[in-house]
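Pasting the structures here.
One chain, chain A, appears in both complexes that follow, with chain B as partner in the first and chain C in the second.
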Partner chain A sequence: MTAEHTSASFDTDAVIDRITRFVAEQTSTTPDTDQDLFATGLANSMFAMQLVVFLEQTYAVTVAGPDLQLSNFRTVKSMAALVGRLQAQPAAGSDV
Partner chain B sequence: MDEPLIAIVGAGVMGTGISTLVVGNGLPVVLVDIEQGALDRATTAINLGLRHAQLTGARPPGTTPGTLRTTLQLSDIADAAVVIEAVTEAPDRKAEVLAAVSALVGPATPIISNTSGIPIDEMAAWVKDPGALIGTHFMNPAYLIPMVEVIRGPRTTDRTVQQVLSTLTRIGRRPVVVRDAPGFVTSRLLHPMINDAARIVGEGTATVEDVDTLMQGCLGHPTGPLRTADLIGIDNLVDALEELHARTGDERCRPSELLLEKVRRGELGRKSGRGFYRYYSEAQS
Partner chain C sequence: MSDAAASGHQDTWDLVRRDAGAWDTAGEIPRTLLTELGAAGLLCAEVHKQYGGLGLTGRDSGELTAHVGSLCSSLRSVMTSQGMAAWTIQRLGTAEQRAAFLPRLTGGRLAAVAFSEPEAGSDLGAMSARVQHDGDSVVLDGSKMWITAAAYADLIVVIARSGDGAVAVVVPVDTPGVRIEKIPHPMGCRAAGHAQVHLEGVRLPAANVLGGAALALPFLITTALAYGRMSVAWGCVGILRGCLAAVTEHAATRRQFGRPIGEHQLVARRIAELYAAERIATGVCRDAAEHWEAGSPELVISTVLAKHVSATQAVRGSASAVQAMASAGAVDGHVVARAYRDAKLMEIIEGSSEICQLELARHALATGKSTARKEPAQ
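== the complex of A and B ==
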């Protein structure tokens, strides 16, 4: 599922661009949008949480419950899709 | 109460991470500090840490976190089944806190001092019952790293060892028990290595990134020594190196100029947003 299916106003390209820049700033390497950041060593378990905090603060979303799993953060594309889906949802509780 | 209460004294980086680990495995925690601000920061960090542990699969799925109580009253530890002291790595502070803890808890209640290198038998002089004192050296973040170095002092009883091993197993850790010595095993090896890595950068042999990349790519270190320094906290690392230097006389343990300069500038690592690297964190929001 892509973000466009859930939110007409959601600009996937802009989000992909913003996340790519963040990863590049933090790792000194510009990732491909499909690149598995963890498998290729660009990200580790510490950086994973920085990605969560970055997305939450930049896009005013809360990543909680079953969404809080590494598979959502593996690639720039998967992160953008998560943001799109969360922004399309009414705000949920922020419990873990 | 079914589950044993774990008391944690000191709400710094280690006390916070250990609290996250314990509540994340479903046991109740009472966390004590002398500063309300430290307790407030710890509460936020523990909630973030629980999410981090879930994200990386480091916490048993479906476990309801144990209750966390924070307090300024050390006397609130009186009912604890195990006490973990995690105050600053300064012998004076540890002496004061361990003496106070040992006066409050029930007889033979295990008292764990979390330390990266102060010999347990030195600390045993400060407690009522030296047999109940044992050391741990949790790595940071304690809730992500599954292994814990456990230090048995010469006077630590079998009962204390067994109780502490069983508590660590209950919270999903794999303990390895070693004998008492300055820096034990992990700090004795790691701290001088990080110190040398900083010297190498200070001497201009290689950049921070290249030192870490070589240690990762050629020697299999998971993150590189300077990223590890940022994770430990450079101020804590300098304290630990000074303790090691004082006890071993090893010149490799004398804190290097670059580490001291980082501390003077307040570039303490991850916790301050900048050390050898810069970090994006909730602290910048």
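== the complex of A and C ==
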């Protein structure tokens, strides 16, 4: 998988698209971008952890400590927002 | 290979090999040994060097875990607990918390992680231990059950409810209100220090709450357990390797009806079963370890698979080993007798086989035919 964090500007639509594809691959269902993946039964805690690792690998970010909130993973949009926020931060302390 | 990590301590491993049977019978590992291994970084070998750890990869750490598991599953269980505590601190803690706690875990202090409760085993969602915030402090109440290595631990990472969510709190066992009650006679891993942990009005600095904020309980459990499951899986590989070594030596030298028993076909079949079990368990563990090293999301489900398959194989393989060794292995403390009892516990802890099967089935149902789709492109 290629790291997609190299593009200079943060392309929210591309991130939303990529996350949507991952969820679709893993659940055989294409979610709406603001669909609650947990409330609608698409995701459980196992899948939540897959999402964490997926975002970390795909976008070269570290989701640690307080960012491991379910609310950050509830929808495709909230995940894209998390990625945007983490990429805007300096990479300090990313030793997870 | 972790032989690098293991080989520097040959005298220690020889001692473990020699004394593991006695520890099993006595229900205790000498604390000095645990402290020594801890201070050498060997009990949580994946902790990064900046925190005094060995910084091993998942694969090398796994091979080290299997090596220890081949000698003594009780000691390997202590490693699993220490490693899971370190992983939880690493994964959930802030940079300050990592810097505060991880060097203790690589400096000879011992640690455990407390999930299960009298009314919350497989159904961890039923847990009732709770923290209340009180200014700069938190107060912790509850009872934890069957906590591996808690009888040895200086620090216990306790999972508890907090508001609508859950937290992991680092609890020094010398805090007033903490009481550790050793389980007298566990069926397996008898020297792993299983204990009940009673927490009554335990007041701690809020800085001991990993990450500071409450998380969703299932999320927190899944995250913390992932390391433990991987470690148990490698431990089962070790159980099988210990059995294989004992059985092949015995079957080549023990003679009945005028020839080594390994030449009798029904005994040979046992050896083949055991060999196959060890290869299968090693295969699923290596596959999962590759996903961990690649940072692939597949690591989540491959870890469950590795734990489930390795534990199942360890139970089958150790039963074959006892049968092939017959009376030579039928004494408590013998490596195959321990394996037989220890392996059975591995089907129960860190997610029973049934819980693992439910997760595997759910994954298979959700991904459907896309499971066979493709290997992840690198």
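Brief remarks on what is shown
Note that in this section the second predicted complex is superposed on the first by the 85 of 96 C-alpha atoms of A that agree within 3 Å, B and C clash if a C-alpha of one lies under 4 Å from a C-alpha of the other, contacts with A are read in each partner's own complex, and residues count from 1 in each chain.
We adopt the following convention: a contact is a pair of C-beta atoms (placed from the backbone, for glycine too) under 8 Å apart; a residue touches a chain by one contact, two chains touch by 3 or more.
Remember, it's a predicted structure, so these values are computed and weren't measured experimentally.
Applying the stated contact rule after C-alpha superposition, one finds that A:T27 touches chain C and leaves chain B untouched. By the document's definition of touching, both partners, chain B and chain C, reach A:Q69.
For chain A, the partner that touches more of its residues is C, with chain B and chain C as the two candidates. Of the two partner chains, both chain B and chain C are touched by A:M46.
The interface of chain A with chain B overlaps its interface with chain C at residues 22, 25-26, 28, 44-46, 48-50, 52-54, 57, 64, 68-70, 96. Taken together, the chain C residues at the contact with chain A in this complex read 48, 50, 90-95, 97-98, 210-213, 215-216, 218-223, 226, 294-301, 304, 359, 362-363, 366-368, 370, 373, 376-378. Those residues of chain B whose C-beta lies close enough to touch chain A in the complex are 47-48, 50-52, 54-58, 65, 141, 144, 209, 222-223, 231, 270, 279-282, 285. Here chain A touches chain C in the complex through residues 1, 22, 25-28, 44-54, 56-57, 64-66, 68-70, 92-93, 95-96, going by the rule given at the top. Note for the complex: chain A touches chain B at residues 22, 25-26, 28, 44-46, 48-50, 52-54, 57, 63-64, 68-70, 73, 96.
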